[in-house]
Structures are given as structure tokens and as C-alpha cells.
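Going in written order, the chains are labelled A, B, C and D, and every chain counts its residues from 1.
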Amino acid sequence: MKTSPLVIAGVTLRSRLFLGTGKYSSGAVMSESLAASGAELVTMALRRVRTDGGHDDIMSQLDTTKYRLLPNTSGVRDAKEAILAAELAREALGTNWLKLEIHPDPKYLMPDAIETLLATRELVKRGFVVLPYVHADPVLCKQLEEAGAAAVMPLGAPIGSNLGLETRAFLEIIIAQSRVPVVIDAGLGTPSHAAAALEMGADAVLVNTAIAAAADPVAMGAAFKLAVEAGRLGFEAGLAARSTKGEAHATSPLTSFLASV
Amino acid sequence: MKTSPLVIAGVTLRSRLFLGTGKYSSGAVMSESLAASGAELVTMALRRVRTDGGHDDIMSQLDTTKYRLLPNTSGVRDAKEAILAAELAREALGTNWLKLEIHPDPKYLMPDAIETLLATRELVKRGFVVLPYVHADPVLCKQLEEAGAAAVMPLGAPIGSNLGLETRAFLEIIIAQSRVPVVIDAGLGTPSHAAAALEMGADAVLVNTAIAAAADPVAMGAAFKLAVEAGRLGFEAGLAARSTKGEAHATSPLTSFLASV
Amino acid sequence: MKTSPLVIAGVTLRSRLFLGTGKYSSGAVMSESLAASGAELVTMALRRVRTDGGHDDIMSQLDTTKYRLLPNTSGVRDAKEAILAAELAREALGTNWLKLEIHPDPKYLMPDAIETLLATRELVKRGFVVLPYVHADPVLCKQLEEAGAAAVMPLGAPIGSNLGLETRAFLEIIIAQSRVPVVIDAGLGTPSHAAAALEMGADAVLVNTAIAAAADPVAMGAAFKLAVEAGRLGFEAGLAARSTKGEAHATSPLTSFLASV
Amino acid sequence: MKTSPLVIAGVTLRSRLFLGTGKYSSGAVMSESLAASGAELVTMALRRVRTDGGHDDIMSQLDTTKYRLLPNTSGVRDAKEAILAAELAREALGTNWLKLEIHPDPKYLMPDAIETLLATRELVKRGFVVLPYVHADPVLCKQLEEAGAAAVMPLGAPIGSNLGLETRAFLEIIIAQSRVPVVIDAGLGTPSHAAAALEMGADAVLVNTAIAAAADPVAMGAAFKLAVEAGRLGFEAGLAARSTKGEAHATSPLTSFLASV
């Protein structure tokens, strides 16, 4: 049962599951989890890339011939830092793809709308393929699209919370009006959350904590793989309508049937 | 990635997805949807079984060599009718497995606790393998287990509503204390609902409307197959904890790193 | 702004808030909380009533000239024990009103459907005004009504959980089809939960833990009083419809207006 | 039972319920609903104010000696239009208080983060008391506070949707870190929604559709008045904790007690 492929910036991706590389207990576990998940696009923080060309233990386990890298700017606090980080990442990793994350507040890691839009405009000019991580803010997502973002990455719930699609009412609007792919990016804590995101028409999801912090990250990677496929297939198959009226379809009692036997 | 098999009454089932046979547009569509879903256990209403040994159009499409039949008593209004229907089903279909459904009210099709417990006791005595469909009532589920039910089938939401796991708080108690398999039976409207049921530790789910009433029932059958596998695998892999505190794990700002480059 | 009164078994009650008497730090705090809540109907466990005619410290604070007592059978495990407890309560407290609670399981305190229906039938015969505490089970509530219950008391969430209206989908059905008052009885943790119960058409709510375990039980009693009045008034005023389409009503831009100034 | 007063920009408000003036069937109904609600702060769109000093039918019913006016810029699409509208409102209505609303999209009326921050900075310089309507975006709310906003007005759900506190996870963060009052501004559809907003620590709520579109707007205004008082009182009284473990506090069975009687 095939589903339609995802295309971002002209690149076709078979998997609609993007993975983060943080919080794994070891590079080997990360590597196996990535393989089990079927992910093709993998994000990593610039601070994990050593500027001498080396990497930390975990990153050295990442077979860059198998995955498309999506460096992220996690840890930067404004557009200026983001642009510097982006240039360093492009040089060090040889890719112009960038997950743009700007969060001035280290406590909740919430994204900064204003700086993100500014940075997106500049980075697009500089030739980056920009995927900005933002609030589930429909106006901002539209502005990012107009600024040339290759996709938008609205959050589902506070990062690391595993709460799921808390922003559903806004994601629906974003999905309805977006002309670039919509990737739900934070707070997805279970395979069913990922499936629900795809079911509502999101183009992809990015997952990290829920897999890395699972008791068995490799099995959880495989579970998310299946869930994302299930959700997309469900979306394409056309979900049946919900009913809040509480009335079931009446069936005729078996009484007369039983009496006639 | 293998998950543990489900065993009901000594029978091992590879699939944790059970399917209904109502509401399909044709027998051919039903047949293909069943195949795509990977279901092994299939339920059908007794009233669809002709007592002359024949069947209606849809039932005649069901290859009974491929599926384990789970006749249900949908349409009966009390224990007495249920027992009569059960005996007829056993004779007509050659199986002692039974999904016991008793709903005196034709409007909401809500199950009757009292009659269901009475009928379960009698049917167990008569040698049936009884899977009763009931409210998500922890005390009743325990009583049914003590009465010899082979599994319990609490509902997730009103039948046909597609609302999902509305009874979650009670299903958690039922799952925690049950010694027989727990099969969530009504109201599951999307693949993600099914995944969520398995993630919380339900042993299986029964789905009908969500697949039969989908725009593409065959693809939806396949979507539910994946979702159920995803949910079970996620459950076995050990979900990461939810956080409602709203605080992310702090990361060190990139500022000093960027300054040092 | 007056709302319609509640009538149970021919008795008119001005307040739609019923209170429990458990878990208070002292009799004085309980007494003040009751006064602040405006409750008229107050429930207490039989085990707190001394059979020598005396009471424990807390119960002795209860001015029985101000409140209508609703003794409950909390702690009994079956119909037989419930009937014995009911008779003792009637004798000790001089009222034939009874909140019938039967929970065989001391861990979750979930009600027993079968024993509750049996006891209701017998207690009605014996002249009691029976208000049974049950699952949000629409068929059972109808059976209790037919058995002569003066009201039904379906639970909103597991007792003591403070989770709110987890059983909403089923309460809606119960309210739609009940001819006796529907009192939501467990799990209401905040004033807004109580307001929501009344808004959906419940006739009253019973609250205990949420008030008794608040930092300031007296103020919380007053808060629940207001919330219950708000919810009932909102119900009678006719709530505006929800919209899930996400589209606001378009307004004409001010642009031309501003240009014309 | 008194609750603490709300202070915005040095002005003490007795009521934590702010009302809009749109969608009423007549000026008389609006006027009565305002009175019943106890609101002191009332918002109205600039476009309803005639520049010749007159007003439309509805606005002429508004007794400006009783209410503090909060003109809003509904209908403007960017900061430039907002500033022009603000100046006109100040001149026409004689108040420097302003609810800043900028929504470029006429379909969903979602606020524009970037233009709202720009306009806030400029309007504060010009001596306005600015209350900006924004997404439930914690970073943006902090930036608005730093820009001199007198309060922040994050939305609860899409405007006019009556869905309630869909943004709860983000509102909690905003409330935790804000040093100016937090007023929840859109999507509150029932008295219980308003109560829940206050219970979680919001300083006030703004309601329009839910009252104006009720079957009986005057009674609904009174219902919201009670609900807001209930929610605030509940917040100050200290809500009891929720439990998701499902276990009730065990009670000792009455069995031995009954046996001993």
C-alpha cells in the first residue's frame, strides 16, 4: 500500500518521519534507532559538530552516506547568532539545509517569532534551504512561506513534554492554508501522536525525545515508523466522520428473528 | 521487529486487530479490506447468517478458511435472547467463540451490564468462549473475568461515534487489574486511536465503522494494521514519560561557542 | 437572576451543589465550608455515625437543622451489606434518604452495577429515597430509574482524581434520556468542572475532595457555590454553538475607512 | 468572600470579566448584558465609532460614564494602520487605552506577531496603554511586556470558535513568567471555560461571542460574572491536586462494623 512521497525543496523523501539525535545513551543506540525508524532526514545541533572536522562520540556514529543531514541552530538566541551558526554548519557539514531554531529562553526553549522571520529572510537570500521551527501560529507560518521557507515546523506541544497535539486547532488552520510542507516538530510523545499528526494532514513529523528516552529506543524507532505510515495512509484513505450526537445507527432487534426460528 | 502474540482461550493470534463486517458497500470491498488489515478474528451479526445454511451477499464473500469467526449477538435485548442467538450461531457457524452484545436500547446501542453478566455465566457453562462487550466498568470487567469470560471488550466511546478513547481513565484501571485480555471495542475512529489503545496496554482492538465507512476501506484497513502494530510495539518498547511542567531540558546557549570560533 | 429549582422525590432544593463530609481537617472547617457552599444536601458515611447516638468530632459539628442529611453506604461491598447499612442509617439519622454506594474493591472504589441495581430495588420497596452512585452507564441509569431511584448519580471521573468530566460522552446520553434528576458525583476537581457539568444539563453535582483538600476549604466552598450557579444559569441561558471549522466571521478591513479619514 | 482586585496600568478593576460589544441583536440587549455581567472594561471596534462624533445604534446605548472604554483596532492589517486607528480612537473616545488587534487575514482573524510587537513599541512611545491580542506565544508575550504593554491578551482558541482553553499548555508558561496581567481573549465559549482560565491563574478574560450569541445574552452575562468570580476564588483558595493514578483512598470495609452491630 503506497502513499504519496514528500517533496521538500525539490528533494523527494520516502519517509515522513524526521529524527533528532539528542539524548541517546550512546552512538550505537542512536544509529540502530535511526535505522529502525526508516528516517532519511536527521537533525543535529551545531554544537555537536567539532570545528576541527571531528565529531563527538554520538555524531561519529552517524553514517552520513545514509541520511540527509538537517543541521539545527539549537542554542542560538537571535537571528544574528542563527546566521553565524548556519554558515558554520554549511561549511562543516556540506549541506545548505537548515532547521532554524531560535529560542532566547533556556527554560522552556520556546521559539522566537520575530527573530525567526528575520533570520529566515536572510538565510534564504544566502542560499539556505530553511525549515523554521515555530509556534503553531498561522500568520507567522504564512509569513515564513512568503519569506521562502522550504517547509514550516510548527510545534505540537512544549518541547520534551510528550503531550502530543496540544495545538491541534491551530495546526488545522496552518495545514489548510500552507503551500509548503508542514512538519510537526515538538511534543510528540507516542507513536499514536505521530499517527494523529499525519492523519490530520501534516506532511511529516520530527521526533526525538520520545524515541531517545524510551526504554527500548530501537523498538520505539520502529514503532514510530509504522505509526507515521499508518497515519499517512489513513489520511489518504479518507477518515470517516466523527459523530458527537451519541446516537448509534439503529439495528432491528433480533426478537422477531429469534421467535421465528 | 516482533511483538509478543496474543493468546485468547488458548488460541494464539498474530494480529491484535479484530474486524467487524457491517456497513461495507459490498462483499468484495469487505473481503479486500479484511485482507489488507491482516485481521484473523472477524465478527459478524447472527442476523446475517441464513438459517438455511446460506448467507447474505456480504457474508458469502468471507473466506472462512482464512479467518476465525467471532459471531456476535448484536440485536438481542436480554440474556435469554443472547443465549438462544449463541446456540444458533454455534450450530450455523461451527464455532463456540462468541462476542456477547446485549443492548436493550436501539438508539445508542449501549450494553446492558446486568444481562451481560447473567448471559456470560450461562454461556460459559454451555461451553462457549465468551468475549463480552461492555462499558468501561472496572468492577463489571472483573466480574466477567470471574464468570469465565475469555476476554473483556470494554468500549472506548459510543459505538459508531469515532471519538476514540473517551473512557481512558477507566480503561487504565481495567487493564491494570485484568487477568484476561482486554479488547477495546467501540468508538475507535482513526488509526491513531487504535495505536493509542495498544500503547496504553490494551491487548487488542475491534474496529468496524472507521474502516467500512472510510473513503477507501481497503487502504484504511492497511492503515489500521500498521497502527495496531505501531501501538503494540510502542507499548513493549516502553513509552517515555509525559511532562506537564512545561519546562524543557535547558541547553547551554551557543553564544560562547560562536564567540570562540 | 433566578434559575429553576431542583426537585428530588418531591423535595425542592435551592442549591444544586451537594457536599460530602470526608477529609476535612476539623469539624469547624467542615462546618464553615458547608455554610460558604450554600449546600442544603449533605452526605456522610454511616461508619461516622456512632450507634450509641453519638458522633465523631466532625459529625458533631454538623447542624442537622440546617442541612438535609443524605447518609451514604460507603464501605459496603454488596447489596446485602448496603441494605443493612441503610436500615441502620435510617434509624440513627431519622431520614429515609440514602446515597447508595457499593464498591467491592477498596483500591479504586468503583461502583458495582449489579449489586447496586439489586439493592435499589429492595430499598425502594422498603420506603427509601434512593440516590445510587454508579458508572456513567446509560442502560444502568435507565434501569435504576425504572427500579424507582429518586435520582441517579453517575461518576464524572475516578473518585478523588479531580480529573473532571472524563465520562462526558456518556453523561450526555444519560442526561438526554433520564426522567429523574442526574447528579454528577465523583472526580470533579475544580469549580469549572462543576460549572461544566451544570452547563451540559446535569441537575446537580456532589463535591467532596476538591473542597475538603483545598488550601482554603471555606473559600473553595464559596467558589463552587458560584460555579454551580454560573453553570446552571449558562445552561438555562442557552449556550452558543461551538465551531470546529476554525473560520472566524470575516470583518471588513479598516483600510478604506482609514484612507477616507 | 472577597478576591484580590486586578490592577492594569495603575487602574484598579473590580471585575475580571471584560466584554466585547459585537454581535448583539440590539443596543438594548447589549446594554442589559453588560450590566448583568458586572464588567467595567468594555471593548469596541473603531469602525463603530462615527468620526462626526456620533455612534451607531448599538454604541449609542453604551453609557460611557459606567464603563471604561477599551477601543480595539479590529480590522487593521499592519502596524501602520493600527497606529492610525489608535490615534483616531484616542481622539474620538478620549481614552489612551487600546486593545491592539492586528490580523492581516480576514478568514481566521489570527493575530500578526511581528506587526503587533512593532505597533506596541510605537504606541507605548506615544503614550498609549496597550493591551495586545496575540497568540499564546510565551516568547512574544515576554517581548510585549518588555516593550511596555500594560497587559498581554493571548488567545485561548480561534476567535469565535467557543472551544475553550485549547492553548492551555502555553498559557501556563505565559502566566508563570509574566509580570503584567494576562487576559485570555478569544475562544471562551462557556462560563466554565472562563472559570477554568481564572483557576489556572489568568488575571482576567475577555468574552464576546459566547454572551452575544447566547439564546439569552443577559442571563449569559450574569452566568459569566459568577463563573469568573468562581474561577478567581478557586485559584486563590488553592486547588486540590489532580491524580492520574486512578487509585482512590482506600476505606475500610464496613463489613466488620456491620457484623458487630
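Convention: contacts are C-beta pairs under 8 Å (C-beta built on N, C-alpha and C of every residue); 3 or more make two chains touch, one makes a residue touch a chain.
These are the chains along with the protein names UniProt gives them: A, B, C, D = Thiazole synthase.
These numbers come from a predicted model, not from an experiment.
When the partners of chain A are compared with those of chain C, the chains appearing in both lists are B, D. In a homomeric contact, the two copies may use the same or different surfaces; for chain B and chain C, over half of the interface residue numbers are shared, pointing to the same surface. Using CA-based centroids throughout, the chain positioned farthest away from chain C is A.
Our note on geometry: chain A versus chain D, Cα centroid distance of 33 Å, whole angstroms. Here the CA centre of chain B is 44 Å from the CA centre of chain D.
Counting partner chains per residue, chain B shows two or more touched chains at residues 108, 158, 161, 163, 169, 173, 244, 246. Within the complex formed with chain C, the chain D residues making contact are 1, 36, 45-47, 51, 73-77, 81, 84-85, 88, 106-109, 158-163, 189-193, 195-196, 199, 209-210, 213-217, 219-220, 222-227, 229-231, 233-234, 236-244, 246-255, 257-258, 261. Put simply, chain A touches chain D in their complex at residues 103-105, 108, 110-114, 117, 135, 137-140, 142-143, 157-158, 161, 163, 166-170, 173.
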